[in-house]
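Naming follows writing order (A, B, C, D, E and F), and every chain is counted from residue 1.
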Amino acid sequence: MPTVYVTRKAHFNAAHRLHNPEKSDEWNRTTFGPCNNPNWHGHNYELTVTVGGKPNPDTGYVIDLAELKHIIEENVIRHLDHKNLNLDVPFLRGVLPSTENLVIAIWDRLAEALPAGKLYRIRLHETQRNSAEYFGPDK
Amino acid sequence: MPTVYVTRKAHFNAAHRLHNPEKSDEWNRTTFGPCNNPNWHGHNYELTVTVGGKPNPDTGYVIDLAELKHIIEENVIRHLDHKNLNLDVPFLRGVLPSTENLVIAIWDRLAEALPAGKLYRIRLHETQRNSAEYFGPDK
Amino acid sequence: MPTVYVTRKAHFNAAHRLHNPEKSDEWNRTTFGPCNNPNWHGHNYELTVTVGGKPNPDTGYVIDLAELKHIIEENVIRHLDHKNLNLDVPFLRGVLPSTENLVIAIWDRLAEALPAGKLYRIRLHETQRNSAEYFGPDK
Amino acid sequence: MPTVYVTRKAHFNAAHRLHNPEKSDEWNRTTFGPCNNPNWHGHNYELTVTVGGKPNPDTGYVIDLAELKHIIEENVIRHLDHKNLNLDVPFLRGVLPSTENLVIAIWDRLAEALPAGKLYRIRLHETQRNSAEYFGPDK
Amino acid sequence: MPTVYVTRKAHFNAAHRLHNPEKSDEWNRTTFGPCNNPNWHGHNYELTVTVGGKPNPDTGYVIDLAELKHIIEENVIRHLDHKNLNLDVPFLRGVLPSTENLVIAIWDRLAEALPAGKLYRIRLHETQRNSAEYFGPDK
Amino acid sequence: MPTVYVTRKAHFNAAHRLHNPEKSDEWNRTTFGPCNNPNWHGHNYELTVTVGGKPNPDTGYVIDLAELKHIIEENVIRHLDHKNLNLDVPFLRGVLPSTENLVIAIWDRLAEALPAGKLYRIRLHETQRNSAEYFGPDK
């Protein structure tokens, strides 16, 4: 069987703030503008997870998408949905929650939960116009 | 000329929390569930504003949509975008920021900024699946 | 409080066939064309349910959308999702499953499950281009 | 049978210019801004046509949507698609092609082609953010 | 001229069932859950076909998208639209119609109908949240 | 830090015509069909710009998307929006405005305005169903 890529989308709604605590408030305000609001702002995030592999001849599945949905839910969504990304999420402790840093952190969670080598791409839309994609550590 | 309805969409990203300060924490947690998170959560809100009237024979416009865009921007979006709806917005002071209460508050702002009787409908999507619509005070 | 309308979207994937058993096969083929395929075809249906009322001053809710989601799920979605609309659904027995007839049948289910007078509109997209809307029995 | 509303979407791509030939060039430039570009600009228009009526008990149809598609195609789309709305369309002769004027003109075409009283609403999106709706002549 | 990739989207509505006839009914029910419903279910499939190549200097086209539309229509859509993917489609005989197997089968149809080496990617959305992508046989 | 790809979407509305002035009118009519209309037609173009790189540890940004938005606006959108792509755009002089040729021309503009090697992909939707992608000159 040849390699096929399957994709599952999920959503979460979260608050965050772009702020680097090692820099001055002035630097943060200038660098991040309204995204630095100390009272937070938030987004409806759309997460797209792509897994690659050879379809199982018995099922026609690269991975059961119901199982992938469950893995995304348990490892990512229930930790992020209706949360504050700066304060409430153990696996984001110390991470500045830019979309770039979020896709790396989500990749690391899912790569561990999925069979080795299966995870192909994480895409995260912060808004309809802004998004980030990550294909794993550079080789 | 007959009555035509014109619509303009706008977006804002904000944090909020559903919490009634006149009730106990326990009541708030039970009533609002994850939407009561004390550390906030947030949304990409999509605001749809509809204005009705007879097209001006010289311009073909019910209202110049560039002007409507400007009115929405000045009276609503710049007060809500990248803000905390519970803390940062003078015209939402004391308002529990449910989608229902937001459409009423936004109506009141825009009805005042537009020529009398022009505003027809406010629609606000909190998520792709949840929204509220308001047609003004009951007559 | 004034009247506000809140909307919740849901989805289901189902098979169906347009066929009137009281008419000849020839009449059905001519009338319904490819929608009459005896081996069925199917759709990703998008259901939009709108409820109207005065927001509760304590909660800011016309209805708790989590509760509305649950009512839609229990009364409609779990009976229709991954089903054959002609064969598998007790409350559609004897109903020719056109989008028109489906919105009436779904209205009747939900009007009974919701507080009297609350249900305002049912909209059902059979495809991105084809949909039906129903506002309840004519008065 | 109760009244149900069915909707069909269609698309066309066209060039246009907002320009009132009875006014000065200066007035047109000031009033319409970039929409007055003498070399034209254009849009992917999305047209939404809604028809209301009682479903036929034999077919479950308010109107056969394949027939409605054909009526829209023959009376509207093939006259507007890949055309210049100011120059190429006999039924828009002398019409300033604002979205408002277009929904009125399209209503008039379709009201004549459909059984009397069936047409309920014309909606036209000029962009994702700008649209106009028309429910027919004021009564 | 450099390589450019052009994409055309198409749609079809079909019924299907995930069922491996070489396995027991019990295995099929456990493995495929509601997707194994013996009375079928269905989807609005969205098919995305991408072709790569160097634009023709005379036309600016990698391929005439009207021609690509026709090739997709003749080779894929008219065989799948309003059909049962398990019963009605000669080129899917013996294929378990998972999204993964469908993208491989559609690739094989289109690779044959297009100039050699032109086809770059097939993407198929079974729902808004579930999709599969295929880039041809592994090299 | 590993490589991450960030994407920003923008829109412009423009008129154009597919016409090769070195060929006969007959050739142009046959080759381009309705896209050859001498009175022009137009589109709402959706432009997607993707930039790759290692996130800056201080900001978490591959590039500040507000800055990328500004670069796209200054170098592309304000030259194309509400314009005629055949007549009004200096950097498209002599370019047959097929979607393929547009993505190459837009790439060249943006590759020059961005830090060397950062631009990864340009995607342009002419309609919801037709688009082109370009990854830069072949290596």
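Structural remarks
The rule is short, and it goes like this: a contact is a pair of C-beta atoms (placed from the backbone, for glycine too) under 8 Å apart; a residue touches a chain by one contact, two chains touch by 3 or more.
As the structure is a prediction and not an experimental result, all values here were calculated from the model.
Counting steps between touching chains, the shortest path from chain C to chain E takes 1. Each of D-F and C-D has its own count of C-beta contacts, and the greater count is at D-F.
Look at where the CA atoms of chain B average out and do the same for chain F: the two points lie 34 Å apart.
One inter-chain figure worth recording: chain C and chain F are separated by 42 Å, centre to centre, where each centre is the mean of the chain's CA atoms. Remark: chain B and chain C have CA centroids separated by 28 Å (rounded to whole angstrom). Among all residues of chain C, those that touch two or more other chains are 128.
Those chain pairs judged to touch are A-B, A-E, A-F, B-C, B-D, C-D, C-E, D-F, E-F. Those residues of chain F that touch chain D in the complex are listed here as 11, 13-16, 34-35, 37, 39-44, 81-84, 87-88, 127-128.
Against chain D, the residues of chain B that register as touching in their complex are 2-10, 50, 55, 58-62, 64-66. The touching residues of chain F, counted against chain E in their complex, run 18, 20, 22-23, 31-33, 96-101, 103-104, 128-138.
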